[in-house]
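You will see two complexes here that share subunit A, one where it goes with subunit B and one where it goes with subunit C.
Our next item is the complex of A and B:
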């Protein structure tokens, strides 16, 4: 997290409190001063900055006549965000500022406040949610997604024996794709992705509720140039001896592509966001085999980085009800990784970038 | 490169003026090679004069009917001469043949029912090898050292990761990080025939071959070779370990071989995924 320096920048004069005798300076400088003054300890209060900006905008900009009010407010927000005095990679500051802005706007416009969360980009954003039997969580998942002004929401319900579809339909105006048979959740993602046109694609599973604020960095990173924005699971991994086979395969696949820095992070886990460019290069049939998509992304030189760190591992542990099924899924994912490695070896590169320059094998025959 | 290969028994060594004085005394010969050995010990060496005699002394006690085969390649510090003097069957090569190639060469000449592989720079007491030998004589085809590497950290070494990964792919996660890459390990003569001596030059591939062809592969004893490995301690403390990349590549070669024998997923299930939905 970026720590704002307590020393003011040279071009901003904040040493004296603003007094009525001196003319008020408008714009960035004034906002900064207000942000600083509102917090006695001296550290910057981005929420206050955002609130003031929202309050001001409410006087001059209206969302009343807009068909998609959330999106209209997002556009106003983005204009204010351009002037933001914090780093564009500080998502903590972003979340504070944008939530301040939203409340400031509603208060300023005299509208009952909604828990909207603003996107950090003008680009179109789609979200694909895959769900099987998630009647307990799908409602909450969609509630969180409704806080953001997405251009497209696609829910792929497959092989569902419970009321997931009904819950989703009753809750949302999203595009809902329903298959009576299970597709395999990775296929669901690819099927959903095929239905989107947006520039940024975000993927979630219907069994884990992610707060809207936590999704911002994934979208923001892709907006800023990352092609594949991953969830960083490394803080939740124990020492190697505790790892399961899937984690080992994920790390191995990254290592053999010289991306050991990614550790166990890969497209296998949600949430993740990808650019349209990445989607076009990978293609939906490869997207259905996430490790293969991950390997292709790295091998084609796409920008692959981690965004936020959301603990989805605990959700998997809860689903221990069917041990046998877990093992089958593990085998499936291990097989996916083998498929990914084999794909990289196309053209008889059986050692990838690790040639055997040391051995004189002919002598062994 | 002039290839030099010969069975060198003590009384047939061509003695140059330089060697004569060293080879005069026969009291240093403590290895008795049998002509019909039950146990063959294969030790590839390059320059290990500091440890080779101790290794040979331990190994020579393992079985009354045994042979010790030392494959000396690129030996310039007298290791070869020491092995000769001790009575081992020495196969010499002037130049270094590379990691593990010596195993293939030694295995080619081994006549025993049990073939034990170890290195010339790690001194282990004779008792360490016994569990491996007993396992093979009671039916195990490939008896492995269960030492799996240092695993109580997050950023584990690539080689440890690769060994665990390969075992997982082969459906033998029970073996953890045990592998034919690690010494010591022992093979039955049947295993040697099935795998083929030349494949021992790429140990992870031999490991995959052994498991895939249905041989009985088990761990039989824990021999902590990590702390004993002088190579890692001495030379590569600050340098990047070049062997790391070689071994990683070896494991990839093993995976390539496996997928050629089975399918691109090493025969792992795909049944729940309906790929046809994405045509």
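Our next item is the complex of A and C:
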């Protein structure tokens, strides 16, 4: 009988990364190999992989002399990411690995850890935030954005009667536009986009806090070739019979262009990210009418996909109590869809893709 | 009807900016929008803009004149675009007269006014008395007072959108300022546009407000640096054109 010497199972105990709110104690790493969690799926602990990579890099690479340290660290991270043993479309793994890397680097370099989140690209990234009276949320929205090394942050404050502008200005190095008239989110996004130079444009609303980690897949997808990276709202929609008219129109617009796979997802919802190429093709005045921009993107053969699934609908529901206002907004979006379909019909037959094979019209003349 | 975007870069110049904007509001009777591009002022400019319904692009810190202009140029939506110093005052009929000159011919791309404190051919020769009097004298439409020129000073710089579309943004190598207007004028002329001085439009200018606060030696070295940059870029001395 062959006796097998039992090697003690190597375990790595690692705590979650520091959250921006409260610091936690960090466990010790027992060895330097990649840990395998002994569970059914056999998933690898990407966080530990990232932590080790960060720890290693801290010994040989320094961010201290850099003017934009967050970006310098991001460049080191991207070098490590190139050798990452997980799929480039696995954003969960990415988030674990990059947060491990950041903490590993800070610990290795002996610097007090910052809650930085690393971008998955070397391309320039701009974020445009539209806000009206968002003094309660704009601070937190910007806090999350500050965790990422954006090249440009543009906040478009419009029609504001509260201290949104002052709060944003006091907190951030963003470029802040202040227009006295209410522009609406759509025009606000287009105005903000006009100020940017970056290759990737990300759009957010100032009334809904999105965690930095949740923005990664939008940016990553555009980096990898997607032109329009959308928020996937389908998990939060009930069955079709419960849908409101706006949702039905969004689905219709997609179906009309052979993109039923996108369901209700379109440029009307945030967050979304677009490529500079898409911005140049659509242009700011069409971007201000999201369904039209969406239709143009598909008709011009741009790559339109969903990225992540963030439930922004709960924020909108709060405003539903004021039914009169919702009807106006709904009417606006319905009108936008009419404009979008009209635009599609310009370059196409009267019935777009809906053929009329069975009707013998000549007999009714 | 054509709309003019008036872009005013500003850095801690509220004392000049306020009367400037008030004069624009008083004397402009064609459609316009004012866009203040603020370079990180701490003198109350931001509050002033907020309380006086002025369109504002707030930069976090001072990035100089060309960078500020470029943000204004990108966000402007007018058919005509003007760059205007904050230490100026608009006068009766000012914009109407300049637009009249600008659109008098398809070839004209850039127009500037005459003023009391400006370099080159735009400087009025008679002694300056007060704004109202001089404006009354000058600001009656009179095409015979239009003078073709090779250079318009950036203090009040009115162009067609077409010029911006074809010539592009200001060259930011000339930050924080000086000679970026010479550079832009040269590029516009290279594209075939004509430049005109509207002698029937007087705009008041306090004079070098941005740079007066700095030390003389700093301004001198800035002028020298940018002059050198211009010569390196184009191979000639721009002062020969004024």
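To be clear about the criterion, the second predicted complex is superposed on the first by the 320 of 365 C-alpha atoms of A that agree within 3 Å, B and C clash if a C-alpha of one lies under 4 Å from a C-alpha of the other, contacts with A are read in each partner's own complex, and residues count from 1 in each chain.
The criterion applied here is as follows: a contact is a pair of C-beta atoms (placed from the backbone, for glycine too) under 8 Å apart; a residue touches a chain by one contact, two chains touch by 3 or more.
Note that this is a predicted model, so its numbers are computed, not measured.
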| item | value |
| --- | --- |
| Touching partner for A:336 - first (subunit B), second (subunit C), both, neither | first |
| Of subunit B and subunit C, the chain that contacts the larger number of subunit A residues | B |
| Partner chain(s) touched by A:300 [first = subunit B, second = subunit C, both, neither] | neither |
| Which of subunit B and subunit C A:175 touches, first, second, both or neither | second |
| Contacts of A:59 with subunit B and subunit C, given as first, second, both or neither | neither |
| Contacts of A:249 with subunit B and subunit C, given as first, second, both or neither | first |
| A:165 touches, of subunit B and subunit C: first, second, both or neither? | second |
| Contacts of A:190 with subunit B and subunit C, given as first, second, both or neither | first |
| First (subunit B), second (subunit C), both or neither touched by A:241 | first |
| Contacts on subunit A seen with subunit B and repeated with subunit C across the two complexes | 179, 191, 194 |
| Subunit C - residues contacting subunit A, complex | 46, 49-50, 53-61, 71, 74-75 |
| For the subunit A and subunit B complex, residues of the former touching the latter | 179, 181-184, 186-187, 190-191, 194, 234, 237-241, 245, 248-249, 251-252, 255-256, 260, 263, 284-285, 288-289, 328, 331-332, 334-336, 338-339, 341-343, 345, 350-352, 354-356, 358-361, 363-365 |
| Complex interface listing, subunit A residues touching subunit C | 165-166, 169, 172-180, 191, 194-195 |
| For the subunit B and subunit A complex, residues of the former touching the latter | 3, 93, 95, 97-101, 104-105, 108, 151-156, 158, 160-162, 164-165, 168-169, 173, 197-198, 200-202, 242, 245-246, 248-250, 252-253, 255-257, 259, 264-270, 272-275, 277-279 |
